[in-house]
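Structure in structure tokens, see below.
Chain naming follows the written order as A, B, C, D and E, and within any one chain the residues start at number 1.
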Amino acid sequence: MIWQFDIIILTLVIICGIAAISVRDLLGASILFGAYSFMMCLLWAVMGAVDVAFTEASVGAGVSTVFFVAAVFRTSRSSKD
Amino acid sequence: MKSIALTSVALLCAVLIYSTMGFPAWGDSDSPASTHVSDYYIENAVNDTAVPNLVTAVLADYRGYDTLFETTVVLIAGLACFFLLRRFKPRQPQHRLYRHIDTGITLIIEQGGKEPTDSEEFVRIDSRWVPYDLVIQQASCLVIPFLQLFALYVIAHGHHSPGGGFQGGVIFGATIILMAIANDLRSAARRVSERLGALMASAGVLIYAGIGALCILLGGSFLDYSALSKLFAFTPVMARSHGILGVEIGVAVAVSAVMIWIYYNLASAGRHEEGL
Amino acid sequence: MEELAAVFVARYNYWGVIILMGIGLYAMIAKTNMVKKIIGMNIFQTAIILFYISTAAKYGASIPIIAHGHGAQGHGIRAADYMNPLPHVLMLTAIVVSVATLGVALALAVRVYWNYDSLEEDEILNQIKAGQLNRK
Amino acid sequence: MTSQIPALIIVVPLLVSLVVSLAAWIRQSLCYAAALCAMLVAWISAILVMGRVINQGVITYRMAGWAPPWGISWHIDHFNAIILILIATVALINLIATRSTAAREFEDRPGVFYALYLLFVTGLMGIVITGDIFNLYVLLEIASLSGYALLGMGSGRAAVSSLSYLFIGTIGASLYLFGAGYLYIATGSLNMADIAAILPTIEQTGVIQVSFILCLIGLFMKMAFFPLHTWLPNAYTHAPNSSASLIAPLTTKVMIYVMIRIVLFVYQPEFAFAEMDIDRVIVWLAVIAILAGSMLAWKQERLKRMLAYIIVAEVGYMVGGFWLGNTAGMTGAVLHILNDAMMTLCLFLAAGAVISRVQTDAFGALQGVFTKMPFSMIAFVAGALSIIGVPPTCGFFSKWYLISGGMEAGHYAFVAALIISSLVNVLLFFRVIEIGYFEPFDSHHHKNGQTVREAPLDMLVPLLVTAGLLIVMGFYANTLVTWIVKPAISAATMGGL
Amino acid sequence: MIAVVSAKPLIAVLVSLAVIPVLISARKPNVRETWTFAAALIKFGIIASMVPAILAGHTLEFTIAPLFAGIAFKLKVDAFGLLFALVASFLWIVTSAYSIGYMRGLDEHSQTRYFCFFAAALSATIGVAFSANLLTLYIFYEMLSLSTYPLVTHHQDREARSSGRKYLFYIMGGSIGLVLPAMIAIYLIAGNLDFAAGGILAGSIGALPAAALLLMLVFGFSKAGIMPVHAWLPAAMVAPTPVSALLHAVAVVKVGVFSVFRIITDIFGPGMLLNFGFDTLLCIIAAVTILGSSLIALSQDNLKRRLAFSTIGQLSYIILGAALLTQSGMAGGMLHIAMHAFGKITLFFCAGAIMVAAGIKNISEMKGLGLQMPVTMGAFFVGALSVIGLPPCGGFISKWYLAIGTIEAEQFLMLAVLLASSLLNAAYFLPIVYRAFFCNPDETMFEHRIKEAPGWCLAPPVATAAISVILFFYPQPFFNLSQLAVSRILGG
């Protein structure tokens, strides 16, 4: 609960989020989304929500990213936007 | 489309900014959210359920009904992926690729051809195959047992530390997925077949809902674990604690199986032959 | 001015929530690629989760696991010492729901790709229109 | 043990759905029988619960034995009880009627289909029965996710339509969740009754207003209220028949139920109508919804698609009727939830029967269906008359209340919209009926013209039962209103308004 | 006046519905027709059995189900309703006989469907006659509209389709678009919709809204054929002739008129109409229709179309009678329901008989037909006399009372309209008779001699023509009923 930390991580979260939706390579976007989730997980850990952070680390940053990668593998990697 | 998007985003943001002004300041421990209901949990959860991790206590007991459906949602995702993607008919024309391990020569076996299935020297490969990375393969082999052990710890220790059925289940599922990524889909499917995954997924939720229904049979309300004390020699409080553990195990079984199941279907686009 | 700054700083998490929601919503509406839309959807959902988690925070409170010092009898537990566990519980559920939604969405996207060989919404719509014209 | 009967409504379909999804891997043939038994049990217990509510008043069922607001509790009054019966009835009838369709559409995965079917029904029942705003969200997602899967399984455009439904539905559900979070911030509670008790005591700030608006917009998205309806026609048109006839009658109706429940029992009328002062705006939107839905339906050339647009118009009926804010309008809205679900079921089943024989639902292919499938078409006409609002079918009675609500409120545009939409419905349906009735059956149009004959009995009997119910519900409309709808509304409004 | 609870009206309504399953399951035409006859006879018997009670001043009531607060699905038999029911159910017997001959003679398809919907239409007609309130009436009215749709479009060809559209457009458009909102508004104002002597709206509504409601109802019940919502009636003549005869000369159109009559007397009430001066308004509406339709009828060459326009005019006589709001005017209007029914059905039967025997539809082709088909054309002549209103036919009596009514109401303009219209009636009917009996046929027309129509087609018009004459000498049954009804309305 140190607000400087919070704000730094929050900024990183937002940057990752924007990056994830603006990268044209979908595999890159998936990985950036993983990074976004991981930043989010850090933020929540800092805010004292350890269980939620744990879940986000395993579900959001872990399995979700794998799902994205698998889906991108099965479809196409490039995106027009 | 962009203009619509920007307008709706601007509208949403404007409304939210307007309302945020009325929020209690961040971290205010006297705000309604932090006083009305939650105090009860903090002060009584240990007495009621003997579970120090408040999140677990509330998750699996006070709001166990929510969590039952949360697990069901996961099961639905698994069912839906299977329902939407699974294709039982093999691709036409069908051919399989085998690689001679020593020389690296690839054999293409057309449909009906004799396959070197029992040969030690050939290994089946995917059509989009890249040479295995030794480091990844060996490292994952090394890590997976520990990860699985950790997953079991997380499940079992959810009463006292962060974690529980979901986290442990996901980690356990992730180990199998890791196996599939590091080797190939078939080697993972040899460990956990699709049928086993599907059965486990349903069985996990069934454990949860079954414990709840058992409580009804024992004279309590649905999911009222204290009723289990009639069956076992527990005090009602300990019955709740053990009930929570049972439920967490059900969740873990279901979640891990569903994660694997979804991965199989997504990565192989429903054919379960070749995958990421 | 200082008051405004105070208001801003006191609720910085909520501003983060609003920005993330904006990003998510924008991606869902403006992006044509299905996977991008799905990413946007997830960002939208995590923003709401962040919102709930923010409501759980209390200054000077600890994580919601009763320390061993407070005995099993539970007397002496002060509510203000621990974070509010309820939003955490709710958001555990929400995270799981969002990953389930993600799974279904990706499955649908893969199915869409089978049919149209594309994940771009505008291309798919063009194909649908063309298909209808051909049939007539 | 009788106090546990309410639990059966949810627990039995849930447990059986899990058993079904297990059985799908062991013996596929068990799945249908198990699903049928589960729906029967759920249906019977819903009726028993209704009886108890009428005799003893509101039932509160404490989940896990925890008292609200700490635990989750069910709150069953007249309003939920009748919607529960509705859901169980529609699901049961549809289950029986679409057995052969489902077997054909999902030849290698019927087990999973029935598991999702039961989970969808469980989700809807859970939405209706719950007394907790967060639990409602979870069950909303249960119903939605299984709905996306069921709808997305159709051929061609189904996946795209279902995916766009998923996007809009998720935004809607998330907005609802967000609104619930605002409520939680303001009150610190998640239990509906508790929130309702707290809200009047606290100062009304922007937080509550915004939470109200967020919840409402979220639900509008889910119920396909114009102009947020865009997902609905595609999703229902391309869906498999066996799931379309389950989802189309129920989803929007249950969402309207949720709106009414939230507005009347959480925010309460004083706030929602007097303080927010958005009722006029919403009624005007409903007017536009009705007119636009009817006009768009006119442009369609496929039966299911036309029906889908009619649903959009019907949603306008119910939302508009409710937001008129007087007893007659609300009675009409609630009654129309029941009636519209049955009529939509009837029409979709009839369309399904036709499609099962003719292979398509394009208007041009319906020539001569009256001679080939007279009983199916009789049921179709019954459904059509009910949508038009011809007495003594049930559609007339809800329309009556809606119109008189509009007149009482002095909202003549709404009245005019209802009348115009009824007239447009006459045109819509008689256009179809004309093709089926006047144009001779032409076997050249059908590749397998010889096989076009009356639908099989297991499809026909439920269809005719549904058609009969439309008329029975018409005759018992007054009973429904006095015994169920009136108590349901007056519980919230304290007889005021 | 005593209200007696009796299930008779319900049975009377249901008899013809109950016979439908039998009709559907019966494979042989003979069985089917026997059952139709049986139903028609039973129905008439039940209705006739109610006459003594009604003449004794009682009413019979039966509540089926409550529909809304204060409104039940309820049947009530009073003198006026009984009068109408008697006419309709009696003519159903005759028409059944005629249908058999006609449908067999032309070898029509889908006869089962035809007889089923015919029976349903009759049920609805009797239901309208026995309705105790506006909502019940509306329900039966809609049922009638829908059950006649397959009859109108029986031929299932292009012409039938477009006529069917027109039919639905006017009938459903009127009932849903105008009657339904007006009815709900009345319910909200008055709190109920019961038919009560003297009306239920009096004193609770201003002149302008009352006028709006009145016009909505008068034009909304478009089966009454008031101009300009009459256009469905000529179009509906594509139906088989028995349908035109019973439904579009008697049942359907009279249901419309009956409804309007009920509205005027029992919803608005004479007192209120007089207060606001709406009687004149209604008279003018009726007069315009009477004269307009008669003028149009003159120019029609198709016999059935001419009859249709004649019907439109005659219907407005009845409305005129109601609008006069005097003892004799109303009695004349009610009597005209019966008198015109017998006269007009005779004409339609004859038109159908000509159609069956000679295949002739147009008047211009009928030169010399009287010599070939003397019985048919004789009956036609009697029917025409009755409709024109000349003695010794029943039509004279009703017109006589109408004329007296105009004098009582001091609406001398209307008297003139009546007289002018009678002249016009004569002008469009008598030339047909003249042409048939006194013109020499064109050479090519009757190369082979035309026989009279078969007995099933011939006996009904003769019978109804005879009854038309009898009614001139012995109008008591209808006369007494109408007097009773009028005295209730005016005394109430």
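As a working rule, contacts are C-beta pairs under 8 Å (C-beta built on N, C-alpha and C of every residue); 3 or more make two chains touch, one makes a residue touch a chain.
Quantities reported herein were computed from a predicted structural model and do not represent experimental measurements.
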Per the touch definition, the chains contacting both chain C and chain E are D
In contact with chain A as well as chain C, sorted by label, we have B
By mean C-alpha coordinates, which chain is most distant from chain C? E
Where the centre means the average of the CA atoms, what chain is farthest from chain D? E
In whole angstrom, how far does the Cα centroid of chain A sit from the Cα centroid of chain B? 18
Roughly how far is chain C from chain D, going centre to centre by Cα mean, in whole Å? 28
Express in whole angstrom the distance between the two chain centres, defined as the mean CA positions of chain A and chain E. 78
Per the C-alpha means, the centres of chain D and chain E lie apart by a whole-Å value of 44
Going by the touch rule set out above, which residues of chain E reach two or more other chains? none
Would you pick out the residues of chain B that each touch at least 2 other chains? 16, 21, 23, 27, 31, 33-35, 37-38, 41, 53, 55, 59, 63, 66, 70, 73, 76-77, 80, 84, 162, 166, 262, 266, 269
Multi-chain touching residues of chain D, meaning two or more other chains, are 134, 138, 141, 145, 148-149, 152, 159, 184-185, 190
Provide the full list of chain pairs in touch. A-B, A-C, B-C, B-D, C-D, D-E
Mind listing the chain B positions that touch chain C in their complex? 1-2, 4-6, 8-9, 12-13, 16-17, 20-21, 23, 25-29, 31, 33-35, 37-39, 41-47, 50, 52-55, 57-59, 63, 66-67, 70-71, 73-74, 76-78, 80-81, 84-85, 160-162, 166, 255, 262, 265-266, 269-270
For the complex, give me every residue of chain B touching chain D. 15-16, 18-19, 21-24, 31-38, 40-41, 61-66, 68-70, 72-73, 75-77, 79-80, 82-84, 86, 88, 195, 198-199, 201-203, 205-206, 209-210, 212-213, 216, 220-226
For chain A, which residues are in contact with chain C within the complex? 1, 3, 6-7, 10, 13-14, 17-18, 20-21, 26, 29-30, 33, 36-37, 40, 43-44, 47-52, 55-56, 59-60, 63-64, 67-68, 70-72, 74-76, 79-81
Contacts from chain D onto chain C in the complex sit at residues 134, 137-138, 141, 145, 148-149, 152, 156-157, 159-160, 162-163, 166-167, 170-171, 174, 177-178, 181, 184-185, 190
If you look only at chain D, which of its residues touch chain B in the complex? 4, 7, 10-11, 14-15, 18-19, 21-22, 24-25, 61-66, 69-72, 106, 108-109, 112-113, 115-116, 119, 122-123, 126, 132, 134-135, 138-139, 141-142, 145-146, 148-149, 152-153, 159, 182, 184-190, 198, 202, 205-207, 209-211, 213-214
